[in-house]
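In what follows, structures are represented as structure tokens.
Two complexes, one shared chain (chain A), two partners (chain B, chain C).
Entry: the complex of A and B
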């Protein structure tokens, strides 16, 4: 065996090194040195992120392990986007992770986060379903442990049990679908399956298998009708974990979904899964929006908002070309910044006062003007109001959906998505209204948020303001996507 | 007498559906976990027999099964750990006891 092919997996190896360093630091350093554990891990991880941008980037499509693993500039780019998100999550969680109840297990939090990220890397890079399954499980099992992290809180356990049962259920369904795909194609390589699917007649078995596979990944991405776990898990999990779940886990699953649908089953797009995808998108956006309208808990509210955002992310797949993929990646990037800004505020308020209800946010502007300003920007960006980044990402995702061959049905789909943007504006503005226009006495007293939380908020606000206006980000992603084909190398 | 492929696939499908039914109807979390195991084992059977009967030249399905067994074991261990945690708080393992989060 040629061991030099491990060098192709530069980012994975870098992440493993960071993980080992954090683990060794956590195990062997003195109690006093452990106070800076999270700071040290953020420095290590920040170095990895910077390296990902400058030196570890592959210049062409490279494969390893007989084509099971592939990396290309496009794949490195999505991994870098995830890295940035994880870095912000880690910075935001310092205060919570160093709190008294948390202090005995703060190392585990970091390690589990890094391991899940490793799983997501594998999921994105896999070109063989065995590696994909391993990545998927490595990404979802430690997450269940993370959801159950606040051991003294009942809600955390309930959320964890709901998460683990649905995760196992969905992976069982996914693997059942895979076994039928294997029966049809005789291989588990993405490339070989794609070749077989393109030549064979469309059979009932293929449709069943594809439906199973879509259901399995749909659970991870919380598409309607596979979304039922989302709100409960988001509400019960610790807020840092919720923010991680809602952006990083969702972003990587969206990209993996794109890879599977376009690379493996791309040949039967118009015959089999075009209408399936349309129905999923319309249902996801609409149901997510309608349920978000009646939420009062902030975390549940953002859970349903993230369900409908997942529907918008799916629109990038419809285009089925380089522009669609670029818009999907840009949407994930912007969504990471906007959602993390909202979660940063929620977390800061929760750490200071323990309040999570939307009614508690009434009159927040009077007591904490800066926090309410950040929250307002996040809501505007999530709703897609110009000139913030959310507007541009929504614009590009609609443009990406319509960039391929168009039909009446596609226009109707985009129109429905547009109408839903207006519905979503209503509930995002409810939060803004509660903070700014309510005449009640503020429920939350004036407080000073921790330094790390303020850094996190500054970074996310900078992202919300700059990502849209400074056009080089989108251009860069689009250039990479166009240059290296749809996904960089069918095996 | 040779046993045909179908004699394996149909029982495994029935097993899968039993697991599905059990997962959706059972109220006890341990029973739900057992149902999940049934579903995962049905997948394992499928992969091995498909490999053995249709594609005997390669070993892909067998290897997949080995990994799937390991993954299923990890999943069960984690789920049991979380159920035990929940049991410490509520003293029950029924799903009705774990239904406070809603809205």
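Entry: the complex of A and C
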């Protein structure tokens, strides 16, 4: 075996090294040195992120292990986006991890996050379904441990049980689908399956197999009707984990979904899964929105909002071209920043006062003007209000969806999605209304957020303001997608 | 980039934002707001003079002061600016109303700093919209102008403000959802890989079937903001609950964005569908003209009366645009100017009266002429402008519109022109009813007798607006010529005239 192949996996290896360093530091260092554990891990991870942008970035499509693993500038780019998100999540979680109940477990938190990230890397880079399953499992099972992280809280346990049961069940369905695919095509390589799918007659078995595969990944993305775990898990999990779950896990799954649909089953797009995708998108956006309307718990509220956002992300697949793919990646990037800004505020308030209900946010502007300002920007960005980044990502995802061959069905789909943005604007404005319009005396007293939380907020606010207006981010993503686009990743 | 004068319409408000953010007390905030709006007014006045000079010297490009700066290169989205007579008229209108609005919010309370920040953010949207000719940038500025309304009405409004703010925001954003789809559709179907208005209009390459699909969406999208029936219901509630300066800016300028957009995007880019589908919208706008006027007759709240009157007058703008001929379109633009100034004057006066009497119900007021003669006279002038007294702006605009509408010989157009003409009479009914009840007659409430007349900042605000209303009324030709230079041969080519 040619061991130099491992060099292709620069980012994965870098992540493993960071993981080992954190693990060793956590295990062997003195109690005093452990106080700087989080700082050290963030520095290591930050270095890895920076490396991802410069030296570890491949210049062309490279494959390893007989085509099981592939990396290209596009794939490196989505991994970098995830890295940036994880970095923010880690910074935001410092204060919570230093709290009395968590302090003994903070090493585990870091390690579990890094392991799941490793799994997501594999999901994104896999070009063989076995490797993909390893990634999928590595990204799901440790997350259940993370969800159950607040050992003494009942909700946390309940959420973890719900999460792990659905995770296991959906991977079972996924593998069932794969066995059908294997039966039809005789291979688990993406490329070979794609070739077989393109030549064979469309059979019922293929449709069933595709449906099973979609269900399996749809669970990670919390697409409706595979979303039922989302609200309870988001609510029960510690807020740092919820924010990780809602942006990083979702972002990686969305990209993996794009890869599977377009590269494995791309040939039968219009025959088999175009309508399936339309239905999924409409259901996801609408159901997510309608359920979000009545939520009062902030975390549940953002859970449903994130379900509907997943529907918007899916619109990037509809275009089935480089522009759609670039819009999808840009949407994930912007979504990471906007959602993390919202979670940053929620977390900061939760850590200081333990309040999580939307009614508690009444009059927040009077007691904590800066926090409510950050929250407002996050809500506006999620709702797609210019000049914030969310507007640009929404515009491009719609433009990307329509960039394919013109058809009236596509326009109807986008119109439904657009009408849904109005519903979503309503509930995002409810938060703004509670914070700014309410004349009640503020429930939450004035407090000072921890330094780490403020850094997190500054970074996310900078992202919300700059990512859209400064055009180079989208231009860059679109350029590499056009250059190394979809087929460039095939073995 | 900064050598282009138009860019300063966005730069100055941004500097104002910074200035207000840094101010420490009310006096500084006022200084920044007034100085900034004066600078904007000066800039638009200079632009007007310079533009006329250039046109006189023979510049015949459809848009002058053109500038293009690439923004999203891959999508070919640019920050393109350029103005013609219509945009200059609108810029002038916006800066006048921003100035008078700042005077009208002299004593805004609470949170004066935040109020002015949002107000100026709104004006960035308005100015940006009028200078851009790139569909994407235009749409972005359009939405920038919409969202501050939510907070402005929600925080500083009166009455059922939370309900009204939400209703207004959602309805307008609903309109912009249609608009966004339509704009993306225009981009792809024109097949030019360009978002530039002028290029798309010149090529006229949008497939006719697609025009029939995209035109209604664009027209409805902008029409919602232009208070077209049946999408006008945000307007009365929104205007009634908004604070004075916001009502002024919203009715005076923001509703003009609707009319301007219908003209500049929907009709200009999709002339075929405009010709085919005009009748549907003609019926709708005809209804808004008459329905708005009738509704105004039965209202008792001063702001509601004026809001419904705005529905009627703005309906007339869209109505005239749909006649698709030069005279009516000139009238439409004149009406935008006239209505913008007049309604701003109305809302300013209502705000001033309400600030004194603490009621807007006309049944609980009377004989104000004896108590506050200055404000009462101003109110009368505004009323006369509204019902079309010659010498004031309303007459010129409505006259031009109806003459132009009658030029269109189609039966349906004729019928609706006659129906719309009735609105003049109905307008007289509700204006005179208010004037009679509110200003004349005995003093209704004895407590009102101690009230004072206008202060100096209120006088500044109203006098400025009255001068402008009278200027349009007395020198209509000047404005008509300014606007006519816009209707370059290209538009007539695409309209088939």
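The rule we apply is simple: the second predicted complex is superposed on the first by the 489 of 491 C-alpha atoms of A that agree within 3 Å, B and C clash if a C-alpha of one lies under 4 Å from a C-alpha of the other, contacts with A are read in each partner's own complex, and residues count from 1 in each chain.
Keep this in mind: a contact is a pair of C-beta atoms (placed from the backbone, for glycine too) under 8 Å apart; a residue touches a chain by one contact, two chains touch by 3 or more.
Given the structure is predicted, the values throughout are model-derived calculations rather than measurements.
Once the two complexes are overlaid on the shared chain, A:157 sits against chain B while remaining clear of chain C.
When the shared chain is aligned, chain B comes close enough to touch A:172, but chain C does not. Contact with chain C, but none with chain B, is seen for A:478 once the two complexes are overlaid on the shared chain.
In the superposed model, A:187 lies in contact with chain B only, and not with chain C.
By the touch criterion defined above, A:350 reaches neither chain B nor chain C.
Between chain B and chain C, the partner in contact with more residues of chain A is B. Look at A:419: by the touch rule set out above, it reaches chain C but stays clear of chain B.
Considering their complex, residues 129-130, 133-134, 137, 141, 144-145, 148, 151, 154-155, 157-162, 164-165, 167-169, 171-173, 175-176, 178-180, 182-183, 186-188, 231-232, 235-236, 295-297, 300 of chain A touch chain B.
Within the complex formed with chain C, the chain A residues making contact are 380, 385-387, 391, 395-396, 398-399, 402-403, 406, 408, 411, 414-415, 418-419, 421-422, 425-426, 429, 432-433, 436-437, 471, 474-475, 478-479, 482. Only residues 71-75, 77, 136, 140-141, 143-144, 147, 150-151, 154-155, 161-162, 165-166, 169-170, 173-174, 177-178, 180-181, 184-185, 187-189, 210, 213 of chain C touch chain A when the two sit together in their complex. Those residues of chain B that touch chain A in the shared complex are 16, 19, 23, 29, 32-33, 36, 39-40, 42-43, 46-47, 50-51, 54-55, 58, 60-61, 63-64, 67-68, 71, 74-75, 78-79, 82-83, 85-86, 89-90, 98-103.
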